[in-house]
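Chains: A, B, C and D, in written order; residue numbering restarts at 1 for each.
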């Protein structure tokens, strides 16, 4: 907010979270386009001795959101200099809580997308050569859902299983049956990933435990696939348990929806990037990736796109460098200039694009 | 019947099957004891050139029932000679339809056990040294039940399983889940055997079939185990199918019950056999066997016992000789004299035993 | 060949199969482009009473290859009329044996692609509105491989499984383990489909069989995925069998490779189709389909593309109409004119495209 | 030892553990018979307020070994009074470390069974009516073996399993395959129990772990069954892992062998108990139980038997009362007199029995 103070922006902060929204008004009769940069760090220790390492123990910017924030401020400064050329308003959305707290959802509820015609976000990644840009129309990132299953049997002594009702083989059958669901009922070209990441039952070698716990995640880039897998977890767990005279308690926690880029805005972004960077540094993604983003909520409200910006540090190999969410994650700061330019150029292009929609 | 004609027996034949019942009346005020010999052959070709080989193509005495019949006639002749010494009546039960047709059940319905106080049967086996006798108190042979499961999915092309609902992996899960039932819910010392003997689905390599078929058998020597396994087949199949949004149609066919020897009559049989043969040729069975017998129905009505009589042919090894139900099955006919003597001696002993029950 | 006779084409027939290759030479110094139409019928009875129904019992054109042949003849006639305008040679490839006999492979071995610079094929489908055209760059159809697995245990009586070694639960475990391979080791965005289409073991309810048979198919649109699944079938089957002290005999039969369209030629085809038909009847396929084609062999030799041509009969719904390989399959013959025009227009475009490659 | 001090016994203590061996010598030329009482407590808190509750926090006599010790002292006192009537020597074996430390094995290594002709032990149980005695010839208690399996895959992100190699479904397949081993390869009448009591893998919902852990126990009453199950754990785990390109590290820990009563000594014990208590309080066990005992080591050296002595507290139901190893376990101390008498009477009987073996 300090770095925005001298720019004559309409700035307001959030009620439900530490969000900042700043409007740069060019032509007040023109459309509004939104640029988003998320701000939150991750609860993990930074593993390096660099002078700019995190000063807060156990917390670090392992997902590049500090770069997002800085680039978005940079874009605000760049665009503010050419306010007169703006055929509308550019809204800068500084968002907290992307890492599992749905900050974007809170900001939408407080009006950040009201009156907005187009939206754009950048996410940096060390796994792309520095200064490269990539995106795609349609699904770009996955939905996430988490599940927890408690298979409830009856405990007893390991030597007399018939007096107990052993939940361990039954939990194992649930794991197996879920694989079969995925291979048999999910369209191979509208894929879903279901991973049981945690299984836990029993404490010793002579006692049959009362319960077995399964936990995991569901990823999909298609709403129908997502709904199918979510329903399958419930159906498979409860019926497999019933097959063995047990109960399964299933808890499903809905995460972010699929991040779906507007086809035209993704194409526009690729064009703008190509104009800025030349064709060799612009990559149309051949398929989505199974990560997730709460910018998906913004894209449910407003046509727009998200793009990856490569920030592989000098000398490193993008295929093997420490990725986002590693505690040794680093970025090439020189690529931030590219990010600032991309934000600004996409904003200008989006204003034109949005303007074409409007009644003259 | 010809061989019984000269013995002054009260002979009657069955209405519902080709059974023969012959009563040898000693003391008309005494108790009645029953000796059973089954008579039916098996629908299989005999694989030998012996002069006494079956003359009916595709049918042979592969389970020794011809020996049972002959021995029972022999016992009738032997006992008829000492009718005056009989403290009651001996009933000779010549039974058809032991091999899956429950002939004993039909004869009971027609009254063969009415007024009977004790019952005894012999079954020959090549897998015991010739002339040996063995039995045990309590369960001696298993119950049988057969099941058939149709898992009903939805057919389609092998390349697009999501348009179909593939029953094959689901049928396979049913097979697996049934193993878990047996290991977890059946008391190790009251065992049951469940075997899926047949699985069948699909015809080609590019079509997902509509259904998958499972068939098999359940054996147990304990009614609680039997009931548990039978219920499990239904529960497991229908719920595993439901886990995958399918139906399972389960057909259960009840076979013979457990053959349970009366403890006192089994002990009496072992004593009688020891008196006849000496201790070295009498073996108390350490556990039941998982075969089945419809003499079980008789033993549900009347205290009694069944015994195995060894008939391993001379020179053969009882462990490797062709067993009952082999089309090369042979017996040592010399042991038939032992069988006749055993029938007669057990009958006399049983008359005494039954007489002791009666009010004086 | 009769219908080509008056066109002054260089026609030759195949040695290893009933193929016909006809060259229409325009500018003899120009490049050669290939148009392919397959000719073979399917061994299945035709289920209709139409006047043009198959006259050969048990054989019918259920995959539209008669339409392909007719359209290719039509294209030859159309182009022959404008031979002078041809900047090179158009080769008409009339191919037998597409349905599992790799006719294309035989024709390549006999030289059909020698000297060819571009290639194009059409496949009709009732499941697309009549007259529509669709294709995509990159993988369009899948590879196929077939597998057969014999799990070899040891037979015995169903009541004493410990004397046998039951292959049925082991075959079921193989089926289950293969699902796990697919969900865990195949990249969700480079998918593979593995379907066990046939399982067969046992004949009765009281005998454990010696072996269990599994058969099925593998589909993939990515060579790495294909190789991984093929290797997994071998590894999973033999090791699961070994886990149970059995052997698994695995037979893998390699089918057609992935049909991969050249990106530029697919784009060129979509452009040509759009010019012919307008944008509303041209569809870029969002993903491949898991069917297979031996035109894949041609595309391994020569850059080119294949396109689907919609032939849904009048009044029918493309989503529910009898599809290819149904014995009630019908096409809208009126769309054949579109196919002829598309063949010819793509040939002309391809000649131009190929000409641009050549040294001047 | 204080309570033995006035009895003129030859007492010695152990070198490798806190054992006490006391010999009461009658006829020095006669045989020696051994009576065993184990002494150790369990590391668990006692859950009652009784005046005689454990005074050592976290340690209690939950398996009745204090009663065993007291009864054995009582028997020593009783027999010492009639030393002149003893036709040989009675050895009192006070044994520590029965609960998993193989104290009997240590005492045998130090000579406790040297020169001993017969052996006898009592174990109390609240699950039998107070004052009842039961035993059987042959196997009475099971062998134990423990296993631990680490399935080693490769960790990664839950959204991209193809970059990892997920050990969780593979560990689940191992659990399932072990059930199949037990149902298919173990003789139903020589049973084994294999229970996976613990499964553990993963910590969060978005990470695939590197390894999965399985632990459990194997019980059997037959050496062949035991060896088969132990071998199966190794074979199944390593091959199932190999099926999925993983390793399984299997650790097997051999526990106590099967406790096998000598048939004649078990029959003698039942006779002695019947003479003492009448037939209504003596029960021949119909089958072994799947618990374990290190008295098994003594019975590998010396013919003998173990018997259960019922100690269900007054007013409680033996079927539902807190069992051995419960922290609310109680006994009916009045039954200790029965135990003392049984120890003494079996010793006298065993001396006679052993004397009959000796050359005169």
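Couple of notes before you dig in:
Just so it is clear, contacts are C-beta pairs under 8 Å (C-beta built on N, C-alpha and C of every residue); 3 or more make two chains touch, one makes a residue touch a chain.
These numbers were taken from a predicted model, which means no experiment stands behind them.
When the CA atoms of chain A are superposed on those of chain C, the rotation angle is 180 degrees to the nearest 5.
Centroid distances from chain D, each centroid being the mean of CA atoms, peak for C.
Distance between chain centres (mean CA atoms), chain B to chain D: 39 Å. Chain A and chain B have Cα centroids lying 68 Å from one another. Across the assembly, chain A contributes 160-161, 166, 169, 173, 176, 179-180, 183-184, 188, 193, 290 as residues in contact with two or more other chains. For chain D in complex with chain A, the residues that touch the partner chain are 142, 146, 158-161, 166, 168-169, 171-173, 175-176, 179, 193, 195-209, 212, 215-217, 219, 289-292. Against chain B, in their complex, chain D makes its touches with residues 176, 179-180, 182-184, 188-189, 191-194, 219, 286-288, 290. Contact residues on chain A toward chain B in their complex (touch as defined above): 160-162, 165-166, 169-170, 173, 176-177, 180-181, 183-188, 235-236, 238-240, 242-245.
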